[in-house]
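First the structure, then my questions, so here it is.
Letters are used for the chains, namely A, B, C, D and E, taken in the order the chains are written, and counting of residues starts over at 1 for each.
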Amino acid sequence: MLQATDYQAIALTLQLATVTTVILLVLATPLAWWLAFTSSRWRGWVQAIVAMPLVLPPTVLGFYLLLALGPNGFIGASLEALGGRHLAFSFAGIVIGSIIYSLPFAVQPLTEAFRAMGRRPLQVAESLGASRWHALRTIALPLCRGGFVVAATLVFAHTLGEFGVILMIGGSIPGETQVLSVLIYDHTEALNYSAAHALSLGLIAVAVVVLAIVYGRRPAA
Amino acid sequence: MLQATDYQAIALTLQLATVTTVILLVLATPLAWWLAFTSSRWRGWVQAIVAMPLVLPPTVLGFYLLLALGPNGFIGASLEALGGRHLAFSFAGIVIGSIIYSLPFAVQPLTEAFRAMGRRPLQVAESLGASRWHALRTIALPLCRGGFVVAATLVFAHTLGEFGVILMIGGSIPGETQVLSVLIYDHTEALNYSAAHALSLGLIAVAVVVLAIVYGRRPAA
Amino acid sequence: RETIHVAVASSLRGPLEEIRNQFEQRHPEYHVTVAYVASGKLVAQVTHGAPYQLLVSAEPRYLDMLHARDLTLAAPMVIGYGELVLWHPDQAGTIEQIIEQADFVALAQPKHAPYGQAALAYLQRHFAHDRYADKLVYGDNVAQAAHRVHVGAADVGFVALSQVLELGLLSSAYTHLPTAPRLPQAIALTHQTKQNRGAQLLYDFMLAAESQQILATFGYQSTAAQEFAHVASD
Amino acid sequence: MTLSVKATLARQHFPLAVDVTLPSTGITAIVGASGSGKTSLLEVIAGLAPTGTVEVSFNEHLWQDAQTRMPLAARRIGLVLQEPSLFPHLTVLENLRYGWQRAAQHYVSWDEVINNCGVADLLTQKPSQLSGGQQQRVAFARAILAQPQLLLLDEPFSALDEATRQQFVDYLRQVATRYELPVLFVSHQLSDIAEVSDHVVLLQRGQVLSSGPLPQQLRQEPLRSLLGMSVVSTPLPGLNEPSQQRLRIYARDVSLSLQPVPHSSVRNQITCVIFAVHESHRAGEHLVELECQRQYFFALVSDEAWQQLALRVGQRVVAHVKAAALHHPFIQPLRESISETR
Amino acid sequence: MTLSVKATLARQHFPLAVDVTLPSTGITAIVGASGSGKTSLLEVIAGLAPTGTVEVSFNEHLWQDAQTRMPLAARRIGLVLQEPSLFPHLTVLENLRYGWQRAAQHYVSWDEVINNCGVADLLTQKPSQLSGGQQQRVAFARAILAQPQLLLLDEPFSALDEATRQQFVDYLRQVATRYELPVLFVSHQLSDIAEVSDHVVLLQRGQVLSSGPLPQQLRQEPLRSLLGMSVVSTPLPGLNEPSQQRLRIYARDVSLSLQPVPHSSVRNQITCVIFAVHESHRAGEHLVELECQRQYFFALVSDEAWQQLALRVGQRVVAHVKAAALHHPFIQPLRESISETR
């Protein structure tokens, strides 16, 4: 029923969602930490700016990202000056796009989880001889597991469904940037509804099962 | 610089985002409560299903919502049978679409906040004579304020930037369903870049200021 | 004032705004709202109760489909023809050289966008598959193809003549493609028109000389020969 | 008027398995080693235990069984948990008013509680700005201000210094008697329990080891050797104290001699009979139980002295009770409150 | 070897303003009313106070001043906070191993701590499945297992029953002396403080009221009237106890007579001189300070007895010390440990 391009798109989508989730959690953790514990007067502003990717329509955000990542853009031009290639229409490019697009979904739940935890457990861990980093890993991470689960699932699912930004900066190149959401969208636009239904159902089924397992493993409060 | 349709779209957008946020918080609170405290074995599944709107591309989600809300759809047809009008291409319709689209952003942070609070504060409040409902309002809500702020800002900002679903089930009827994000998108489609830039900047500026004020009022942990 | 709801393919936004202004001046008793919708969405929306009275599409086959389902009053009427061009902001030379040198070639998604279909057809006719296949980057529609060239991410792109005219590009920045198929732009009235006489007025206005003039300034052709050619090929 | 509790609740090392009927008047102390199930028992009564089979009724009202479960709000329990559970987002004043303003009637006055609990200076502070002891004081005040019909206290004074704790124990006694408010009181401070409680429940590994009035419990193990204290309820001849209905005498404050001693700072000399000899929890010492007009009290006597004085059960001796031991400050409020309500 | 602390920290009613040098050997008790700043002082020393001007140095190592701030991990402080801060996601075993496995050297052995703290049965439990007292025991064991060079204890035993608390106080004394581990010990249990501490710091409204060795502090207010206890460090004639380096005598266990009493269960009779008379905190009683070979101790004497015996300062009297009072269980380990290390 499904064709080779569909399988390719599924694999690419899972790869994109996974890579985005991992990188984003790594990047968002220190940022969320700073937001939770700083008393800098810039905190409110930084937090507001982190939320910005939400406010623009994805295609418009994608347009501006394309500007930045393309050869004339700040990032693209820098890369080309260093002998590299600009990032538009590449897997790396859509990873960057997805990261920026989903940034608030990672940062906000983590910030709230860190706040709720407070400094005390870390201080106790340090008094027991743990380094900052080790205390973070062995104490803060597990204690804020709920926040990480929320952040990871929101980012993962959001990247699965993301398509405006990816379409814009990715260009729908099969095997490189043509993710499942773009494919499903294309099917609906081409009025090829049965293909769209099949892919949508498959996507939902996989996502429900994965998420039900993730969520089901956590006991009730 | 801005035209009447722009102002109309801005007003409509703010209205949509506000209405969506309010309704969604009201709906998501009991659901998140149940998810946080139930020991039902369906919890994992329900939580996974709540996350589903994230997984589908917005336009595709919008397509299925259109199916449901339109005159031939289950909901739309029921309404028409009751002498009402179906919900596609109306403000009510895009509110419903936005609610479904942003559901996970409200439910997940609230669930996590309720879990982190636990039952104890509510039990203490009840032992002091408060009704369930009153304890919820005076104790759980303020204690989970962080979760509510995250949920509200994610939903509000996400609705500001939402456009795939709205475009699909709302069309782009000025004053009724033509929100700012659709307008900005239209401007870019028309290659009217300066108008798109102006509206985008305006949207971002307003959002940054509003969010900075919201976030800035919360002290650091 | 009575409101006329019109759904328009987004590639036609430029001329449609002009036509609307002219029409509203002529008929101040009517208020025209325009929703810019891609053709695929248009079909889905009209099928599920969209309130549009007049449909303007860059994809007559989609209107035919609606007519076949008895969702329009009559078969679609062609109001003009769009033309595909190649936008190459920095490059000069023959089409072959330009495509050869390009890293990325932007076009609309051929699966559902007519300008994309035309572009792909053009490439297939003039080039071996391996000369262009891995350079293609697809957009949702012809506007997204234009964005990519505009911001420099794609070196060249297949776009509509109307777009390069709207952007006021120098004639050296784009090349006409005479061998590419012309793209019929069509209109149709829906059953909603029965409650709204203005839609019929606007429909007529779009076929009138004034509208045809506006379309021409945006690069759309309206020769009887073209119309004849289209009908014959159908 | 009783509080009857029947519960089985899974715990880590043993189940909590109780079936006990407590008097619903006066102060009932719940005593037991760390981890013996005291907190669990209070949670069962308060309706906080999420699982387990529980049957609780209070003064003939069924609070909970397999079918019904009266809402916490309707039980009107004043709850002070082991960890003070103040609402962190409310000031002390708002915390205190939370229960107060929901009460239908106010039998305890606001000013009385505020003054007796020493929280007047703290009203504008948030709980995070309170010291550990201040938090406990506020939690206690909040529970009483809610005008409960039953007070459940789980080590409510553990973070207070001795002087302050003494005041609170006294005040607790006053509240319990003046307003006829039944109290269940968990405390590790056996001296506090000896001072205020009317009834003692002993828990061990989740089970009720014994339950009975304080004077009786003091004559039995383990309280006998742990506390070495007795309560006598009518004046004894020789005790030149004003008439008291209830007097606590510590064994260590009692010494024995064969004859009255003339020039001694020990003022109270009681002629009595050695009723029994028990082990004390200290090596080289015995707890000698003395009888005088069917009142029983203890003296702590070293083995040496026992032998040197050639004491034996049934012998007539003179017990010397240090006056200082009788002047314990708790006696004052205790006496007042008892004479008022009983 | 000293711990010097200089700090100003904004608090609610008064600032914490201390400038004090403490011995960094032995057990230093920090005493003060609820809310006097004890916890705040420990937080300053541990480096937990987020604001304020703080200068701390320990044995010539600067821990913190305006410029530097040694990381908590490098300070090697064993911390037991007022609310037991176990890691809720780790089992008891994992909690205990957390500090243990990070220690460079292990001067305290695992088995010793596990056995003495009675946590062997709890190892597989999560903190949420522990009772309040069990949590405290685990927190205390965890702090010691981390092999600290300084132990900060904020009411570590407040949730333990008296027998268990006694064991822990004894064990604390052993640990402090055997491993020469300096301890700062906040407790409201004055009897515990009297038993274990070498040095006492008195806090009042955020300021150090006095700081000095225990025997000296016991002769001054407020401990004098609160505790009515003394420490004598060489055997007194008449006290027929085996040679002891340090002996605690409670005033209430001492009675006076003008001549030795022959047939009494009070075994220890000491001839001494009335050195001074002080107010006690009980009406109708005085704390009589007695001198014998430049050692000072108290007797609690009622006004009546004072008058009846016609006592006065400078008079020669016989003090009777109850043997029971000398057999207090703490003396055993205390004696051992002192003879081992001093």
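Keep this in mind: a residue touches a chain if its C-beta (ideal position, glycine included) is under 8 Å from a C-beta of that chain, and two chains touch if they have at least 3 such contacts.
To keep track of the chains, here are their UniProt names: A, B = Molybdenum transport system permease; D, E = Molybdenum ABC transporter ATP-binding protein.
Treat the numbers as computed from the prediction; the structure is a model and nothing was measured.
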item: Shortest contact path, chain A to chain E, counted in steps; value: 1
item: Chain labels contacting chain D and also chain E; value: none
item: Intersection of the contact lists for chain A and chain B; value: C
item: Taking each chain's C-alpha mean as its centre, the one farthest from chain D; value: C
item: Chain pair with more C-beta contacts, B-D versus A-C; value: A-C
item: Whole-Å gap separating chain C and chain D, where each centre is the average of the chain's CA atoms; value: 89
item: Centroid spacing, where centroids are CA-atom means, of chain B and chain D in whole angstrom; value: 55
item: Distance from the mean Cα position of chain C to that of chain B, given in whole angstrom; value: 34
item: Residues of chain C whose C-beta touches two or more other chains; value: 41, 44, 147
item: Where chain B touches two or more other chains, by residue; value: 59, 63, 119, 188
item: All touching chain pairs, where touch follows the definition stated at the start; value: A-B, A-C, A-E, B-C, B-D, D-E
item: Chain D residues touching chain E - in the complex, by the definition given at the top; value: 12-13, 32-35, 38-39, 82-83, 121, 125, 129-134, 137, 154-155, 158-165, 188-190, 226, 252-253, 255-259, 261, 263-267, 282-285, 299-302, 304-306, 308-309, 320, 322-325, 327-329
item: Of chain C, residues touching chain A in the complex; value: 38-41, 43-44, 62, 65, 104, 106, 109, 111-113, 136-140, 144, 147-148, 151-154
item: Chain A residues within the chain E interface of the complex; value: 119-121, 123-132, 138-139, 142-143, 145
item: Residue ranges of chain A in contact with chain C within the complex; value: 59, 63, 66-67, 69-73, 76, 86, 88-89, 167-173, 185-192
item: In the complex, chain E residues that touch chain A; value: 46, 48, 50, 71-73, 75-79, 81, 85, 87-89, 98-99, 102-103, 142, 146
